[in-house]
Amino acid sequence: MNLLKVDNVVKKFGGLRAVDGVSFELEKGEFLAVVGPNGSGKTTLLNLISGVYRPDGGRIFFEGRDITGLPPYSRARLGMSRAFQVPRPFPELSVLENVMVGAIFNGGRDLKTAREAAEEALRYVGLYEKRNQPAGKLTFNELRLLELARALAGNPKLLLLDEVMAGLNPREIDAMVQLIKRLAEERGIAAISLVEHRMRAVAQLAHRVIVMHQGKVIAEGPPEKALNDPKVVEVYLGRPWR
Amino acid sequence: MDVIPYFLSGLILGSIYGLTTLGLSLIFGVLRVVNVAHGSFVMLGAYAAYFAFILWAWPPFATALLAFAIGALLGYLVYIGVIKPLNKAGELNVLVALFALGALIAEIARLLWGPDFVGYRWNIGSVEVAGLQIDISKLAGAVLALAIALSLDLLLRRTYFGRSIRAVVQDPVGAMVVGINVDRVFAASAAIGIAITTVGGVFLTLFIPVGINPYMGGPYTLIGFVIAVLGGLGSLLGAYTAGLLLGVIESLGFYAFSVAGFAEPSEMALFLEFALLLLVLLFKPTGLFKL
Amino acid sequence: MRPYIPLGAYLALMALAFALPEYSKQIASIAFYMALGQAVNIFVGLTRYVNFGYAAFLGIGAYGLGAAILYMPQLGIATIPIGLALGMGLAALLALTVGAIALRLRGAYFAIATIGLNEGIKHLIIGANIWGGGAGLMLGSSMFKVYGRDLALFLANVGSAALILLTGLISVLAMYFIQAGRAGYALAAIRQDEDAAKVMGINPTRYKLLAFVTSAVLSGLLGAAFFSLGNMQVFPENVFFIDYILDGLAVMFLGGAGTVTGPIVGGLIYYGARYLVGIYLPGLQSLITSLIVFLVMLFLPNGIVGTLNRRSEGLRTWLP
């Protein structure tokens, strides 16, 4: 059985079809990159999967169960964790407390086990030393790692990552990609990562790539094939990617 | 049938209710702030009508102009002094400060004008409609309220100022980028909103010959919110229409509770309005009308 | 976070109420403001939603005990625990109903729903002539008959003060345990970013409802202790009185919203201020109250304890 099945979902904002009939499936442990220009509907798609928006059409299944009508917090408890495009820490809580929030409510755990899970997640992403700082004081790269740790601490089956590499330097990007791949290999966690179109290198490390344009999927497949699809090349002004 | 007079008088009072709520809805629509001091500005308008009539024999429709000016000034001050500085601190701080301001205004009114109920009667004859004697003053008030509601709506749809308000409502950041002075739009909306609320208070005195008192605002805050939510917070014509509806519901509710033998049918009518508010919030918090 | 100083403050006042029964009315007054602010704090401080219908819960709690005393005299002294339970139960029911409807919505709509709550319930009681309608409940003669004169007076003086203090004490404990547990993490997350909290598995309505109902139940207890037991009467115009909302907000914001010690400090200062105003500016209490709330919002929004807490870690531990 697939971990996730997205079936012909549609989301409209007024007259704009931000997501327009998208379908795909995701295996356990798979690392899927969703690529597309600005405004192509990537974040909206992620919001549909995590339950921030209800679709205007189509259905979404998680481990075979129809979750189309579930609120975000119920989906989180089924094993979906979400990292935001712009990091959204709880600024007045400490780094550790931020991650604990992720652990307590996703895993339904008591405070003591949640603390242990949070500490482990912080070690995993390399933020353990900063655990007692207020989250508001972290650098941008550290906030990204915090988002990831928060998502991880919930012991997810599926990570939803919204452009977590944007704004990082090449070394930081490399570390982040390695981290995500390690999660997939060591823990069997699947990931859907949104990738800005300039980050060709990142998309190439994924198991599979989906290319979106104006709310629709215009290409899908292994990275080399999908990224060099003629339709994709055409969307980017006829220029092959850097 | 004796329902018809209740229906008619409800409709006429409802027109005033609608007028009174326009300001509440405008302020919420533009600034996203619930003016919980609403009732106190209604009260100030009512006192303005009373004193202008008693001291200078002004008819209330003339006082409305004065009340508009006073309300606009107060609204501007409320924006500059309360809403603008507190908005960053969060919604809670704005709401509590406005609530305290409303109470403060009522207490100052009591200090100045005493706690007793006062009122006046402006008699310019009456006409018979469907077997009901209606004061011409009330009828004229209702028609004028409708005219004001329509002009305000037109102002928002047709003028440059109105369009900049609508731009700010839809996308504050975008509006700023295209060169609209958002701060000025906020200040103007607060000024106009509270000005209209005060004018509503003037008109209301036509219906409450002995009901002016520093604390009279309370029920009108409740009524204002019921109407604003019914009409869809932020929608002007929605608010006016919902005002008509609430006037009728209140009047027919009063009739029904009297027939059913309740000792205090007017209290029950007020409870009905509160229950209605909860029902709308439960089933259709975005309001009944799309206007 | 160590709640010993706030708990100690209530225990000390309680000892004082028994040691100096002739001052029990003053102690009850101080305690009333402290507990009022504390109960308001459990909801407003923890959620940053504002409940303008707060007095409705005081009132409904008072009616619960009042109705038990007046309509079930055959129960003897048991009318007190049963009446208190009834009052708290009614407050919980009302909070559950209103909260389930309005707490799903954003703060502005919630504020609107509660601003009519107080008036709405008052109009229902008067309009439908429930529990004595507009005339209210006079409990004095019934209390004298059921408990005997001496016990009734002791209950009205010392008993009421002690119960009010107990309400404040329970409020401190409730605030402490809510903040120290899962709910504390959930509410902190919701306050700072509700949407992010939601995708992290937190059901915001559930935790807001928890704080709302807790606050309402404690308010019900407070209303029963203060009006029914202390004043031996329940008038709709007295209990559903808008000024109590401002009193509670004044105490909480003076001390510091969301802090445990704040309402104690705020309650003491507020009582002192009202006392002085009563002597030097009689009749202006309500004006001064609204002025205090207004000025605190503009110039000291974190309150005294909240502002101090931001300065020092040690203070935060001992004066949470």
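In this document, chain identifiers A, B and C correspond to the written order of the chains, with residue numbering beginning at 1 in each.
Assume a residue touches a chain if its C-beta (ideal position, glycine included) is under 8 Å from a C-beta of that chain, and two chains touch if they have at least 3 such contacts.
Everything numeric here is computed off the predicted structure, so don't read it as measured data.
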Most central chain, Cα average position: C
Far-end chain from chain B, centres as C-alpha averages: A
Where chain A and chain C are represented by their mean Cα positions, the distance between them in whole Å: 44
Distance from the mean Cα position of chain B to that of chain A, given in whole angstrom: 48
Rounded Å distance between chain B and chain C, as computed from the means of their C-alpha atoms: 31
In the complex with chain C, residue positions of chain A that touch it: 50-52, 71-77, 81-82, 84, 88, 90-93, 97, 100-102, 104-106, 110-111, 150, 154
Of chain C, residues touching chain B in the complex: 44, 48-50, 52, 98, 101-102, 105, 107-109, 111-113, 115-117, 119-120, 123-124, 126-129, 133-134, 242, 245-246, 249, 253, 257, 284, 286-287, 289-291, 293-294, 297-298, 301
Touching residues on chain C, where the partner in the complex is chain A: 181-182, 185-186, 188-189, 192-193, 195-204
Residues of chain B defined as touching chain C within the complex: 28, 32-34, 36, 82, 85-86, 89-93, 95-97, 99-101, 103-104, 107-108, 110-111, 218-219, 221-222, 225-226, 228-229, 233, 257, 262-271, 273-275, 277-278, 281-282, 285
